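Note that the chains are named A, B, C and D in the order they appear, and that numbering of residues resets to 1 at the start of each chain.
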Amino acid sequence: MNAAADSKATTMQDAKAPAAITLIEAITQALAYEMRNDPSVLVLGEDVGVNGGVFRATAGLSAQFGPERVLDTPLDETTIAGLTVGLASQGMKPVAEAQFDGFMYPMVDFIVSHAARMRYRTRGRLTCPMVLRVPWGGGIRAPEHHSEANEAIFTNVPGLRVVMPSSPQRAYGMLLAAIREPDPVIFFEPKRIYRQYKEVVADDGEALPLDVCYTLRDGTDVTLVTWGAQVKETLEAAEKLEKEGISAEVIDVATLRPLDFATIAESVSRTGRCVIVHEAPKTAGFGAEIAARLAEESMYDLVAPVERVTGYDTHIPLFRLEMKYLPSVDRVVAAAKRAMAAS
Amino acid sequence: MALAASFEIEYLQYLAPDGTAVAELPEAFRDPAALLPLFKQMLFVRVFDGKAIALQRTGKLGTYAASLGHEATHVGIGASMGPDDVFAPSYREYGAQFMRGVQPREVLMYWGGDERGNDFSGMKQDYPWCVPISTQCLMAAGAALSMKLRKQPGMAVACCGDGGSSKTDFYAALNSAGAYTLPLVLCVINNGWAISVPRKAQTGAETLAQKGLAGGLHCLQVDGNDLIAVLEAMRRASERARNGEGGSVIEFMTYRLHDHTTADDARRYRDEAEVKDAWTRDPIPRLRTYLTAQGVWNEDMEKAWADECAAKVDVEINAYLETPVQPVEAMFDYLYADMPADLQHQRAQALAREGR
Amino acid sequence: MNAAADSKATTMQDAKAPAAITLIEAITQALAYEMRNDPSVLVLGEDVGVNGGVFRATAGLSAQFGPERVLDTPLDETTIAGLTVGLASQGMKPVAEAQFDGFMYPMVDFIVSHAARMRYRTRGRLTCPMVLRVPWGGGIRAPEHHSEANEAIFTNVPGLRVVMPSSPQRAYGMLLAAIREPDPVIFFEPKRIYRQYKEVVADDGEALPLDVCYTLRDGTDVTLVTWGAQVKETLEAAEKLEKEGISAEVIDVATLRPLDFATIAESVSRTGRCVIVHEAPKTAGFGAEIAARLAEESMYDLVAPVERVTGYDTHIPLFRLEMKYLPSVDRVVAAAKRAMAAS
Amino acid sequence: MALAASFEIEYLQYLAPDGTAVAELPEAFRDPAALLPLFKQMLFVRVFDGKAIALQRTGKLGTYAASLGHEATHVGIGASMGPDDVFAPSYREYGAQFMRGVQPREVLMYWGGDERGNDFSGMKQDYPWCVPISTQCLMAAGAALSMKLRKQPGMAVACCGDGGSSKTDFYAALNSAGAYTLPLVLCVINNGWAISVPRKAQTGAETLAQKGLAGGLHCLQVDGNDLIAVLEAMRRASERARNGEGGSVIEFMTYRLHDHTTADDARRYRDEAEVKDAWTRDPIPRLRTYLTAQGVWNEDMEKAWADECAAKVDVEINAYLETPVQPVEAMFDYLYADMPADLQHQRAQALAREGR
């Protein structure tokens, strides 16, 4: 399942002097690439213009492409969502920004009732090729409502694609794919790892698929499945486990909807054990869908009960306590060991 | 007293309910012959409406929202738009839609539970019927923004009701129109009721037109049962839109002469006397009297046209009734441009359940 | 787990001449009871006043309690949600109505960002004892947006309770409980069975618990778990199965959040098989949570893979096709048989 | 031309930026001694603000939203409310909140990442700080509705910014206030910017006050750096509210002299010259000049009060810094009145992870 990433690596030499950049810089790079490439692409949101976005995702775009392609909106998320659907259904390719995850709730109506239904409702006469970028998740010591992991709200909605890259390369390639996708994409960006590390990302315009999971680490004893910022803790847990003689495979789901369950199932068919790790509250989080699919399709492969290591079923606390809320490396390690012990 | 701002909102009416002119007619609409096709369209809509209601009553149609009483407003709006424009209806502006090429059979298919009704034969850019109240206004603002950004010549026109003017999406639309100086016309069709809730309960504002002031838009209130007033209001708004002067809110004063939909029983909440009174302002006799007085219409023409309408509607009804149900795969095939593997699997299951 | 229902039955004689009523009438009866009982209870929504609601749920309440306790709102769901949170946080007990499931999306922000957080955010200084009633689900040949099964949106949200009664008795008792509950409750009403059948419901003011599942039928071979209108098809499937010699236990989840998993687990520990039935789209529907819990906590009890019989992962079609979308008796029977065959 | 409606919106200003009176003072605010405590409160807020920013810069506080430049508006609003009222702030109206008994240490706790900051020592009915822009306006409308239904004497007052006046929740609040004739005062604090977006980009309306017309509310625009104008505007609005005459929208013209928050760098998007110019309208020197000219204030008093403020704020800062982190169970204990079994289980797990 790393084929896409690999082919990307091989095309890297085509671009001139690819630089090592952060995840957020990869976002900016992808936006700039596609705005150059396709004149129907435009960016809109609060403070995305001259200010370049509160996270700097759109830094420099206004200067490069002008205010007609980088639109500051009035301060209203309903407005952003509605205008975006309007633009997309008339042939433009808007990339909207929700300033933070906690502010996207007023967008739900337009996303669910219109974006996700435009093609379906009109039998393909009108469509809605839009991207909604959402800085997502906790752990940055931010104020209230700036730390939500609310992807589950969208994963039950037909007509949407819901993705979440967790590396600079995947951010670049998946954002290009999202913009080119003829249907609406909710593009979650794990803000905690916006600047976690740099990676060489060729600015070659190569998109990555939006329907595959990425196996980040091979293993034989237990499959750790995660997405977003938790990829960090999960990889660390895998290293710790290795020191204790447990070989953990790590899968970054990357695209939640549609889910590439085949990759997960194949891994679990080898390991027999699965630990699902996510930030969002446990109950009815997207981890439930993965566990459910295992219960349906991989039951005979499982040698231990499925484990979920998640946020608790409460709101992420303000920042003095938030790290106690988020799944830790130790919790992942403990769950993997329980799975090993169970069998 | 220092003033921060002051405003005046104009009211337009040219034809009184009795069909006589009460003000000098706007130049653009002085030729009665030019009004004739619109009057005929109004009559056609009324015939269509009656037959659609009858279809519902006999179990051949789902819930249906009639347009009885709104004909002047709807047809006047439809007549004011061209192929460069984008129309965003709510769910009962058939008069406007017919003028934009939507087929009556498509209306019936939509209310008959078939998505293909939304695949209009008419203007391909127009928005489908919109059930979530007033969200069409904000999509229209987005459409207007796309025109402005691409320097296209058109305007976007959205309709909502008096109830719909309370919806936050309506406010978002007018706010955006003002912020971006958009070629957007928001038509508030005030028919007195939002299902059972009277206009008065929706807002403390004395007019719905004045809501446009919140966004710095051009505001007008017009007699929506007076076709000429409707046309003139739309002419002014569209001129502004096309000249880059920005958006308008027009309040059309009309009345819902039917139940809210066929699923509603207005006698539960509405005084029969009010309805009776409203019939005296019916837009159709008013225009008929005027056009007859102008010598361009008469009883024979009316009779002939009524027959033509009935025949035309019957053809449409038959086309609707004869349209076979979509196959089961239709619920999968229009969801994504590229169907995900999971869904292909479910589609195959659904086909298998049909023995296919 | 039928204890509550049984004790309810035994207290029935206390009330005078309890009548057989439909589910929707039970709703009206509960509203009237609690409005008499508690002056801080009020009802608000579109057309709930003189018109008595588009489904007649509030019929007669305006005449009985006056327009100050039965408020027609302006036509805006954001308004309804916001006013409701405002009223609830100032000591009233508002029962709001969303006219249809498809119109509740604009309420999501106030529900998630305020109702569900008021107590948490203020450390208990302000609270939000509100009920949001939502006619829910498809199958009534209604127009677009009148047939959604969107409960999954709310089941991942901490601070909420999410319930769905499926009989007149449970509607009465659970609505009373919801109104008396000191925290916000999303109260889904399966509109397809509003008038399906009548049941004697004593107007005795007895609430039912909001944290139990109801076992509607005992069985030994397979556990069928469902909620809402699908209880009808599921019970019919159980009868069909019985004729074929398969003994199905039927559980009405009734309260989705918090989930009474113990009742489900206990049943599956006896049957070893579980079929989950719901209207909503499959992927990340609430059925996933139940299947996930089985994969975590009941794996050793399962003798067959878990089955989900659900709506497809597409929007419920307009009514000409909707019955092809909704899970049918045959689909439930087939799934149960697959489960029987698997083991 | 027939008029559907016409409107005038008043502008209030009594003290010019140089501290001289430019209009006859309203009777209620003619006694300069009565203004003194408010002036002192303004000075206190400014000291608090400065120290809070310094705390953030040294890593002892999270992101902080300063109120620099808004003191007259905030304090004037706070001074106009009583214990029967409900206040719904956005996130920077400390001046108003201090007057309602909120402790400075609570402000610091909130921005310091501790929910207990929202458990105000002051008016228990007041709403907590509200991050989702303008949603507080609609909750305040609900609070006002509860007062009206229960025939309670108070009013609800909500604050939002110029940016916040674009939010659909703001429109929903004014729409409700008009529809139900609610005792609601919507204070739009126009400080020129919504983070990087200038007021002009938010709407095409020439004033933000006129948005109230959309709901039929009373509208006023005032100089928000003139404490007397603020007090007079609030007096008029509260009189209306208390007399059952309904809601008001007041636009307070002020300026954000600081960055949006400590996480922002306004130099990226804002001209320094504009900021420099805005300092000439600083509400504090203006009132100082006036009160000094009236003989109720002098340099010695200022010096003494400055010291007192500094000492008082330091006490608060220490109290904040010394407050221990909440125990891990705090994230479970305030979620429900009755904790579900599942959550009890998770709580026990969390405690176990702490070795407890």
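The rule we apply is simple: contacts are C-beta pairs under 8 Å (C-beta built on N, C-alpha and C of every residue); 3 or more make two chains touch, one makes a residue touch a chain.
Since the structure is predicted, the reported quantities are computational estimates derived from the model, not experimental observations.
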Specify the chain most distant from subunit A by Cα centroid.
-> B
Approximately how many whole Å separate the CA-defined centres of subunit A and subunit D?
-> 37
If you average the CA atoms of subunit B and of subunit D, how many Å lie between those two points?
-> 43
How many Å are there between the centre of subunit A and the centre of subunit B, using C-alpha atoms for each centre?
-> 41
Chain-centre distance (mean CA atoms) for subunit A and subunit C, in whole Å, is 32
Multi-chain contacts in subunit A, i.e. residues touching at least two other chains, fall at 74, 76, 78-79, 102, 105-106, 109, 113, 120-121, 144-145, 158-159, 259, 283, 313-315
So which bits of subunit B are touching at least two other chains?
-> 115, 132, 166, 168-169, 172, 175, 179, 201-203, 330, 335, 342-343
Among line, ring, star, complete and other, which best matches the way these chains touch?
-> complete
Contacts from subunit A onto subunit C in the complex sit at residues 78, 102, 105-106, 108-109, 112-113, 116-117, 120-121, 144-145, 150, 152-153, 155-159, 257, 259, 280-281, 283-292, 294-297, 299-300, 302, 304-308, 313-315
Which bits of subunit A are touching subunit D when the two form their complex?
-> 46-47, 49-52, 54, 72, 74-76, 78-79, 102-103, 105-106, 141-146, 282-283, 312-315, 317-322, 324-325, 330-331
Can you check the complex and tell me which residues of subunit B touch subunit A?
-> 86, 115-116, 118-120, 124-125, 127-128, 132, 135, 138-147, 149-150, 168-169, 172-173, 175-176, 179, 330, 334-338, 340-343
Along subunit A, where are the residues that touch subunit B in the complex?
-> 42, 68-69, 73-74, 76, 78-79, 82-92, 109-110, 113-114, 119-127, 158-159, 181-183, 211, 258-259, 261
Residue numbers on subunit B that touch subunit C, as the complex places them = 62-63, 110-115, 129, 131-133, 163-164, 166-168, 194-197, 201-203, 263-264, 268-269, 325-326, 328, 330-332, 335, 342-343, 346, 350, 353
